[in-house]
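Please find the structures below.
What follows is subunit A paired twice: with subunit B in the first complex and subunit C in the second.
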Partner chain A sequence: MPSNKEDEGMGLCAGAFMGGMKPAIVMQNTALGVVVNTLATLIQFYQIPLPMLISYRGEVGEPVACQVEMALHTKAILNLLHIPTYHFHKPEDAAELPGILEYARMASKPVVILCDASFWRASARSVTTYFRR
Partner chain B sequence: MDDQPSNFYMLGTMGLASSIGLGLAAAQDKPVVAIDGDGSVLTNLGTLATIGNNPQGNFTLLIIDNRSYGSTGDQPTYAGMKTDLAAVARACGAENVQTVSAEDTAEAVKAAIASDVMTIIVSKCESGNVKVPVIKTNPIVIRERFMEEVRR
Partner chain C sequence: MWIVWAFSLENWRHPFWHSGCTGAGFCVQSGERWRVRPARVQRGMGEEMDHQIVRDLKAAGIDYITSVPCKQLAGVIEVLD
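== the complex of A and B ==
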């Protein structure tokens, strides 16, 4: 379900989890500053498992300079909040996803997977090739 | 409305009660009532667009509109000035939005729960708080007993 803001999206996830689903959120690292309160006082406070697939903007290859400003704070914010963080660089790394999802559920915590632009780009190519076949 | 396991208390994250309620309504079939204040809804106005575009028949949003920030000393909100939250909800795509008096609210909520159409109720109330204690129940207890109730 698309939401307009990332804290809103985490509220949707919390409700869906309490309703028996296994939600995850897909968002951009740029919005990590938006969700600090939600992570601390909803997701962590109530011990809600939340896999977070986060596109990692502002790194090498980024065309928009302003994105770099939040890239500088991405890992620092996650460290500050003690959020376990994993990192997908290449499409093959996606094989780790089931383990990370189970880990989040077992730990009842938010768990981040930072996904590089190179990951999305190479994955898109694989998907295009798959559909052409 | 007494304390019971089927009440989930959102102790922080002002503004997210409606989002949590919508997610819960989308995830299962039992009726869900999210109770929020005008000040809270104003901090998360986008929620009305998400609600309007993803109607859940088992979802009721009750906005207690007392035109004030009650828990910090009754400072006035814009909902008591130029901003009409019911109109905002309709403009965001919600099709069944009602503005009711405080006296008519209980009946409106019962009717909304009984229907299978999503309802947003804006209840116009006086400001001022009844003296009640702070909720001290452990958040994990709140969540676990609530989820057990949802599963039943």
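== the complex of A and C ==
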């Protein structure tokens, strides 16, 4: 289900949760500033377990300069909101995803999974090695 | 040694897999014209990882996923679609 904006997506996820579904959202870190209010007053207030798969733009390897500033604030904002945050930097980090999803459900909290450019670049190189395990 | 290199999985996948094709034009394998796709998806980079992430989400019982257009996660969104 596509959303036009991230805070709209949060609202859709909250509605889905209240309707008995298990929601998740896929978005970009540059929109975190937009969703602070929705996260605090809707997702956190109603203790909605919401895995947030977020692309971490503006990190090393980023070609677009305007993405960098928000990258500098991303973890600080998440820390301020007390949202458990996991940073996927290497392909091996993806093995933690099932545990993170279970943790979100158990704790009834939103959790953030940040996937940076190095993660995707390295995944392309080592994906065969990773899945042979 | 060259035979091993030529048939190793990572070298084999790029030129021959559908996802390895890049640019606009005609795809011999699919018989279709190219759609414009994000750079990462065009190169087929991390495509297995996209599928793995979606499989993990499904395995965790996630049954409602909303997405906002995002270049880096375009592969995941495509798998979800």
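As a working rule, the second predicted complex is superposed on the first by the 121 of 133 C-alpha atoms of A that agree within 3 Å, B and C clash if a C-alpha of one lies under 4 Å from a C-alpha of the other, contacts with A are read in each partner's own complex, and residues count from 1 in each chain.
The rule is simple: a contact is a pair of C-beta atoms (placed from the backbone, for glycine too) under 8 Å apart; a residue touches a chain by one contact, two chains touch by 3 or more.
This one's a predicted model, so the numbers in the text were calculated from it and none came from an experiment.
Novice: According to the stated criteria, A:115 is in contact with first (subunit B), second (subunit C), both, or neither; which is it?
Specialist: The second partner, subunit C, only.
Novice: Quick check on the superposed pair: does A:41 touch subunit B, subunit C, both, or neither? Answer first, second, both or neither.
Specialist: In the superposition, A:41 contacts subunit B only.
Novice: In the superposed model, which partner reaches more residues of subunit A, subunit B or subunit C?
Specialist: The partner with more contacted residues on subunit A is C.
Novice: So in the superposed three-chain picture, is A:85 touching just subunit B, just subunit C, both, or none of them (first/second/both/neither)?
Specialist: neither
Novice: Does the superposition put A:3 against subunit B (first), subunit C (second), both, or neither?
Specialist: Once the two structures are laid over each other on A, A:3 reaches both partners.
Novice: Of the partners subunit B and subunit C, which touch A:16 in the superposed model: first, second, both, neither?
Specialist: The answer is both, since A:16 touches subunit B and subunit C.
Novice: Per the definitions at the top, what is the overlap between the subunit A residues touching subunit B and those touching subunit C?
Specialist: 1-5, 9, 12-13, 16-17, 21, 23.
Novice: In the complex formed with subunit C, which residues of subunit A make contact?
Specialist: 1-6, 9, 12-13, 16-17, 21-28, 31, 51, 53, 55-57, 91, 94, 97-98, 101-102, 105, 115, 117, 120-121, 123-125, 127-128, 130-131
Novice: Under the touch definition given earlier, write down the residues of subunit B that touch subunit A in their complex.
Specialist: These residues of subunit B touch subunit A: 8, 10-13, 15-28, 44, 46-47, 49-50, 54, 139-140, 142-143, 146-147, 150-151.
Novice: Mind pulling up the subunit A residues that touch subunit B in the complex?
Specialist: Checking each residue of subunit A against subunit B gives 1-5, 7-21, 23, 37-38, 40-42, 45-48.
Novice: Using the touch definition up top, name the residues of subunit C that touch subunit A in the complex.
Specialist: My answer: residues 9-10, 40, 43-49, 52-53, 56-57, 59-73, 76-77, 80.
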